[in-house]
Amino acid sequence: MSEIHEECGVLGIFAPGVQDVASTAYYALFALQHRGQESAGIVVNNDGVFRSYKDSGLVNDVFNARRLEKLGEGNMAIGHVRYSTTGGGGRENAQPIVVNHLKGNMALAHNGNLVNSYELRSELENEGSIFHTTTDTEVISYIITKERVKTHSIEKAVQAAMDRLKGAYSLVVMSPSKLIAVRDPHGFRPLCYGVREDGAYIIASESCALDAVGAKLVRDIEPGEMLVFTKDGITEDRTHCGKEKKTFCAFEFLYIARPDSVIDGKSVHEARKQAGAFLAQQYKIDADIVVGVPDSGLDAAFGYAQASGIPYGIGFIKNKYIGRTFIAPGQKAREDKVRIKLNVLRSAIEGKRVILVDDSIIRGTTCGRIVKLLRDAGAKEVHLLSSAPAFKNPCYYGTDIDSRENLIACHHTVEEIAKIFGADSLGYLDLSKVSLLTGGDGSGFCTACFDGNYPTEEPTMSDKSRFERLERPISENPKFQSQNESEE
Amino acid sequence: MSEIHEECGVLGIFAPGVQDVASTAYYALFALQHRGQESAGIVVNNDGVFRSYKDSGLVNDVFNARRLEKLGEGNMAIGHVRYSTTGGGGRENAQPIVVNHLKGNMALAHNGNLVNSYELRSELENEGSIFHTTTDTEVISYIITKERVKTHSIEKAVQAAMDRLKGAYSLVVMSPSKLIAVRDPHGFRPLCYGVREDGAYIIASESCALDAVGAKLVRDIEPGEMLVFTKDGITEDRTHCGKEKKTFCAFEFLYIARPDSVIDGKSVHEARKQAGAFLAQQYKIDADIVVGVPDSGLDAAFGYAQASGIPYGIGFIKNKYIGRTFIAPGQKAREDKVRIKLNVLRSAIEGKRVILVDDSIIRGTTCGRIVKLLRDAGAKEVHLLSSAPAFKNPCYYGTDIDSRENLIACHHTVEEIAKIFGADSLGYLDLSKVSLLTGGDGSGFCTACFDGNYPTEEPTMSDKSRFERLERPISENPKFQSQNESEE
Amino acid sequence: MSEIHEECGVLGIFAPGVQDVASTAYYALFALQHRGQESAGIVVNNDGVFRSYKDSGLVNDVFNARRLEKLGEGNMAIGHVRYSTTGGGGRENAQPIVVNHLKGNMALAHNGNLVNSYELRSELENEGSIFHTTTDTEVISYIITKERVKTHSIEKAVQAAMDRLKGAYSLVVMSPSKLIAVRDPHGFRPLCYGVREDGAYIIASESCALDAVGAKLVRDIEPGEMLVFTKDGITEDRTHCGKEKKTFCAFEFLYIARPDSVIDGKSVHEARKQAGAFLAQQYKIDADIVVGVPDSGLDAAFGYAQASGIPYGIGFIKNKYIGRTFIAPGQKAREDKVRIKLNVLRSAIEGKRVILVDDSIIRGTTCGRIVKLLRDAGAKEVHLLSSAPAFKNPCYYGTDIDSRENLIACHHTVEEIAKIFGADSLGYLDLSKVSLLTGGDGSGFCTACFDGNYPTEEPTMSDKSRFERLERPISENPKFQSQNESEE
Amino acid sequence: MSEIHEECGVLGIFAPGVQDVASTAYYALFALQHRGQESAGIVVNNDGVFRSYKDSGLVNDVFNARRLEKLGEGNMAIGHVRYSTTGGGGRENAQPIVVNHLKGNMALAHNGNLVNSYELRSELENEGSIFHTTTDTEVISYIITKERVKTHSIEKAVQAAMDRLKGAYSLVVMSPSKLIAVRDPHGFRPLCYGVREDGAYIIASESCALDAVGAKLVRDIEPGEMLVFTKDGITEDRTHCGKEKKTFCAFEFLYIARPDSVIDGKSVHEARKQAGAFLAQQYKIDADIVVGVPDSGLDAAFGYAQASGIPYGIGFIKNKYIGRTFIAPGQKAREDKVRIKLNVLRSAIEGKRVILVDDSIIRGTTCGRIVKLLRDAGAKEVHLLSSAPAFKNPCYYGTDIDSRENLIACHHTVEEIAKIFGADSLGYLDLSKVSLLTGGDGSGFCTACFDGNYPTEEPTMSDKSRFERLERPISENPKFQSQNESEE
């Protein structure tokens, strides 16, 4: 029950002929919904004619049968789901961005965060450029377009733009006749592609989206790699490969990605079970039952139980009608919200010594309530384990981790936190284990949120303030406030 | 992943003083949402002044903060969630029903189905009565009101009405100063009550609703019992107790109720694990892994694994954004819908002999697809087990089981069904085990949907046609068609 | 710019065969929209199968193309538009009422108010009847149904019911095979019928609805008359004709009806011009221009100008986007609302002595503001004339005139009112002229709201309180409060 | 009942202190609603913090109390109402445009059309600029921003931009501390300002918006003039005045503007009456009554009657519930729509020789139907007069006149048209009279739509195609199709 939200999911489709790519995009985005619940968008390309629709809301809210029908058929499509903090962003920041230009239309979907967007944006604004959104994606669109008017092909423009962009970006770019997939040289965010029986290529942030549309995973896009899909086949451009050390976001494995996704050949579900197994090595606890916090703590709990031999149990029933729009009226609202979301299976818990596994501990606001639920149901002991290390630093690469002032691990020792939560003990996954989750040699991961080792230069001071300006909920942004959300 | 839908959930609150009973009702109804997703309603009673709101939709759709605020504070409230088949019912059939009458207001919420509603309704219509809905609840309201004008108290009227009503009814009735809970003498449907620390009494179809509002379960209302809550305390009227043999709906334990509910002192979760254990006794299969169909097959799968020693595994990831409003566009819509709802964890399944446990098999339309998902993910064998016996008969007591023509077990042998599904084998829970799930002596259950032994007289021929007329989606009802749904 | 609102408009269609009666009903109701803006409803009868839809809102809001399509084709239809005071009534009080009964379906639409509804309702409730609405229409439905179970035909039941109903009722009743139009013996409210080229009969409150669907007016239904339309033709039943003196609502001519309607052979527009001409006889004023308050004061202003020889002028421009949903935010909301609704044509008014004609003066809240608008635009004198006499009494027959405490003429002399409004003089149409507007002999009109001569017994004390209970906005009704409006 | 639609209305408020400028803007835009019904928007400036909201729909649909409240208080605001052809434009083209820039925020609202927007846009795109809309307004925003980064003040940037913009533009520009009103050197579109008692300045397309918020008209902004409102007062910049001959759109007087507006010191109502008087000079017809087509034909009909001595009459009753969202179901939809919108007052028309005055004749689709309505009501003769000359050319300056292929006067003689309409005679206002409507010397007007004398260079060939591309409904635009409308 993490309080962390990933920024975005991207999607691209290159079909062998004109077909109902809008529906395919819909299903694939639906499978990527966990990566962004704030807005959704699809652009369909029918032989150069772009039709797009995007709005605030879940995929299923934004698109209905009529909307999809109006997008029409096409031979290509790109899509996007986006997360942004409450009240922020809204409709106008939804992606994909479509650029209608003399050089040809371009549509772009982006997952990640640049660390030099302030500099790039300032430079552009000083040249008289106008920005309609507060997103890095618009900055990227500009950079590519500026290059495009200087060169002859969209892929050359993207190539040139890569020299200017610093930070995390998994991009899907669509021109009238080409579909381009790019991953930054660090490979911070996932991006893979697959192929369907009818020959359609699907590019997606995670392989679960390929499964949803019946495509088979081919492989991940490599860090720094650019793939260009055209009618003549796939061109692989590796100019930027190896320019930086690979630093894939460890938290994708621990929390963000869906357990049924496969990244770098490794099942996310298995990686989480492995985290639980590591926890069992670290913390040998005399207990009666291991339970996970639904849904994202279940895999690691399962792994702990298997490794420790302590029985795995179902400890909580989650109310499946809890959705994003759930309201919590009344004075004791917040507290009630946890209780109505999760109910303890008293028969499984009563009188037991319980090991409780959660995916991560950020602010810790809900952990205490969950421990209390177990106590109220008669648990004799509650030992809380986090399958992620303690969070101590902000992320500059696209995951919205809270500011340090709200990170409980920045202000309290493990013992203090256990006490705050009312747990008998508390343990985190050891930082050294993170890089071993996928069976590798311990390299290739970004763990900056845990240890502060940022693989890129950090944003400069003005960058950071810019970063904050852009990332803070726009509604609290003193410089510019817009109401253009679709909320009511 | 059953295709069966329960009819209703009821709720009552009797608070020690005027308070925010609307929010309490909201949370409790939210916990009962699984019992009815068609409509929701709350009536608040503030010292005799009734304020009500009801509409088609989920609890969370029907009520927002403003709606609840407009219901205001009160010392009593009743609520209802309702299921009805697609297109039927709609807004005007939503409950609770409020009767504004010279004898005092009355509000009523009902779960169940009468077997003599045709007779009662005909009799009333022949006296010149006008019906606005096609529900049994309105019939019951009339019967109580007819008695009420003859007698001096609402509880006497309810008592007298019980002599006339045949079939299943768990009722909550609210007058200006009293709250009444009644269960029919057979006790077909659950009904229990609990008390909160502040002295408020909560009546609910299931105990999970008590948990959601912080109330402790006191006990079930007995079959035939009437409890009257007033400022002076609780009066227990057992006049109708023991008039009929108790025949509680077995399918409540097997599918309908939430696993965290406790009925007749027995955890529903444990009953389902027991079903899995019985299956392990019945079907000894040489396999590598036991997986359940999320969410309702998980408990029995867990029970099977524990009893058999075959490892329990997580086989499927359910897309948690699938909701009631999910649309499935495109031509291969239905098939896609299963795939997008459930994705197989290939790493857990590939190369394995799998035991797949589902809660029930009705039409069997999705079972075949799920078996295929496992095959596609590389399962070597798939053995399908149903934790309920085979369905062969309609239910007259409030569960909407499909007509015989659609029940696959009415037309095919077990072997044929296995073949249809593409499963290596198929097994059902033995009928004789059903009554033993809760550890009892094998009596006290209605199993008519499995064995055809109806504990009441069946509806007469005209009753049945009436039954059908009332139960069929109104949109297909030749006699009366209304469009007053809120659909779009 | 009257503050009076009429209660309802009714409609019936009897077509020669199955056709798109829903669209016809839609157009006809749209032409009757001025008689009720609170809710709208249509019931289509296709050979005995009734399909209905009704909701709060304007005709155009309640019905869209899809809604009408779902009502389907039919050989008969009835419809209704309803007014009710703010917040009251709402969705559940919308008409027509449909009664689904063993004796056959019945649908009913009503315009008017009974004076004995309290007695009838009490009697029914004491027999155990349940009411779902607070409308007289439901009382009438019950009375007819009670008679219906005793007799063999719907028309006999309606006949018998007429003996019990006292007050104002223009009714359209539809059974599976018959369409019935009835007007109470006093003939308080209008009701007429016409015929279209294809042989379809249209019954409507006003002839403007016939024009809208291309039907030619045949004649008014007579007071006390019942017409029965069947496949075999029209049956005229005059049993109740002549039982009471005709007392048609004078205010229908003065304000309620549309100017393009013809009632009793007299154009409403001409009657209003006549009112202006009478005012010119009564008040000979030395002025430069005659202007009317849009829209309903224009006819009388025109009549005054023609009769007096003083030039008619356009004095105000009405903002045509002002609709029922117009919101008036800000602190000076109400005042702003008049100003934004009406703007003075300064060039026409500046420096002039102005005769300002309005249709009626009830509370007088807006009159003062309009006079001020003229003054601000430079009018040298403003003489205000009301083309209706002064209102001093409530109406029990279906027009929602304010309570006496709010009627300005009950508390102030003409001179005082002129001073309050800031007018140089004020004049009302003489009461004696009202009955001469249509060129008759001065008999046949109900003028109770002006002179207190009620043509029926007044409601008894309890009747009146009942009346008030029923008529007051339900939201302020202490006995029963419902939120079931569709507002947001 | 013209088929012409004006493009836009603009608004600006400069208040003496922080106040509820959002509500003021709302009322003023509501008064300008006739200038654009497609979208509405308001930007509030509270000491440099901009809050904005805009969407498709009428002012009253886009803004509710909560929306206005969220805009908050401020010391400045600008607003816009926009027309665009069906299906086109939509949400993303709504104005005002807000530019968030290092040099300070800027918001901009525009009425008119550039003739060199293709060239400007191409130039900008070739520099790598990205466009989000298809509006001239975004082009203007860019041009100003490009100048802004070169200079020190927003007014200097606007000044410099004026050298580059060709065509029609009435602009309101808001920076953190300044409000700027600009009118192009030709003065094609109206723009005026007024002052309220509290010292607030209101800039608006028409003076009726000043009336609506209680402000007194000061004067029109001169062609080429720029007014800068700051805390220190108003600065008048006349650098561009007199650079071009004044050519104000004659059709503003004849149709577009509200009759209660005053432009160049002349009442629009009086100008239209004058048009009627000129028609009486041109066409001396022996007739019994003069009637106008509501609403915009009434003024000229009145003027004709006064000048000719033939009695003015009310010939039609307009259904006041007809709004933008009116649906016309059924097969004879379009025809029905005219009949339900306008009903003839038979008593006024029957047996009469009628002079029918309409504001203009474009396609002529409704004229024929209106003539037929009069004939059906018994008119003996119908003489149709148009208070505008015949339309023969497209407008490049912001009025959406149909393409030549649809202009009836391009394909038929006056006699043919009269015959098509079924009129006994037909007459147009003489072109020579247009420039005399306001009492001037016959100069100062653009009459290109009538005579083809365009006061600027016409768009070049590519300009024109660009023009067409931009002006055509986007849904039919082959290059770019977006669904981002809010319609359903």
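Every chain is named by a letter (A, B, C and D) in the order it is written, and numbering of its residues begins at 1.
Criterion: contacts are C-beta pairs under 8 Å (C-beta built on N, C-alpha and C of every residue); 3 or more make two chains touch, one makes a residue touch a chain.
Note that this is a predicted model, so its numbers are computed, not measured.
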Set of chains adjacent to chain A and to chain D: none
Can you give the shortest number of steps from chain A to chain C, where adjacent chains in the path must touch? 2
Between chain B and chain A, distance of the C-alpha-averaged centres to the nearest whole Å: 37
Would you kindly tell me how far, in whole Å, the mean C-alpha position of chain C lies from that of chain B? 48
What's the distance between the Cα centroids of chain B and chain D, rounded to whole Å? 60
Multi-chain touching residues of chain D, meaning two or more other chains, are none
Chain pairs in touch? A-B, A-D, B-C, C-D
Going by the contact rule set out above, which residues of chain C touch chain D in the complex? 20, 22-24, 26-27, 30-31, 33-34, 37, 58-60, 63-65, 68-69, 208, 211-212, 214, 258-260, 262, 267, 269-270, 295, 298-299, 302, 312, 314, 317, 319-321, 323, 325-327, 329-331, 336, 339-340, 343-348
Listed in rising order, chain C residues that touch chain B in their complex are 49-55, 67, 70-71, 98-103, 105, 122, 125-132, 134, 138, 141-142, 145-149, 478-484
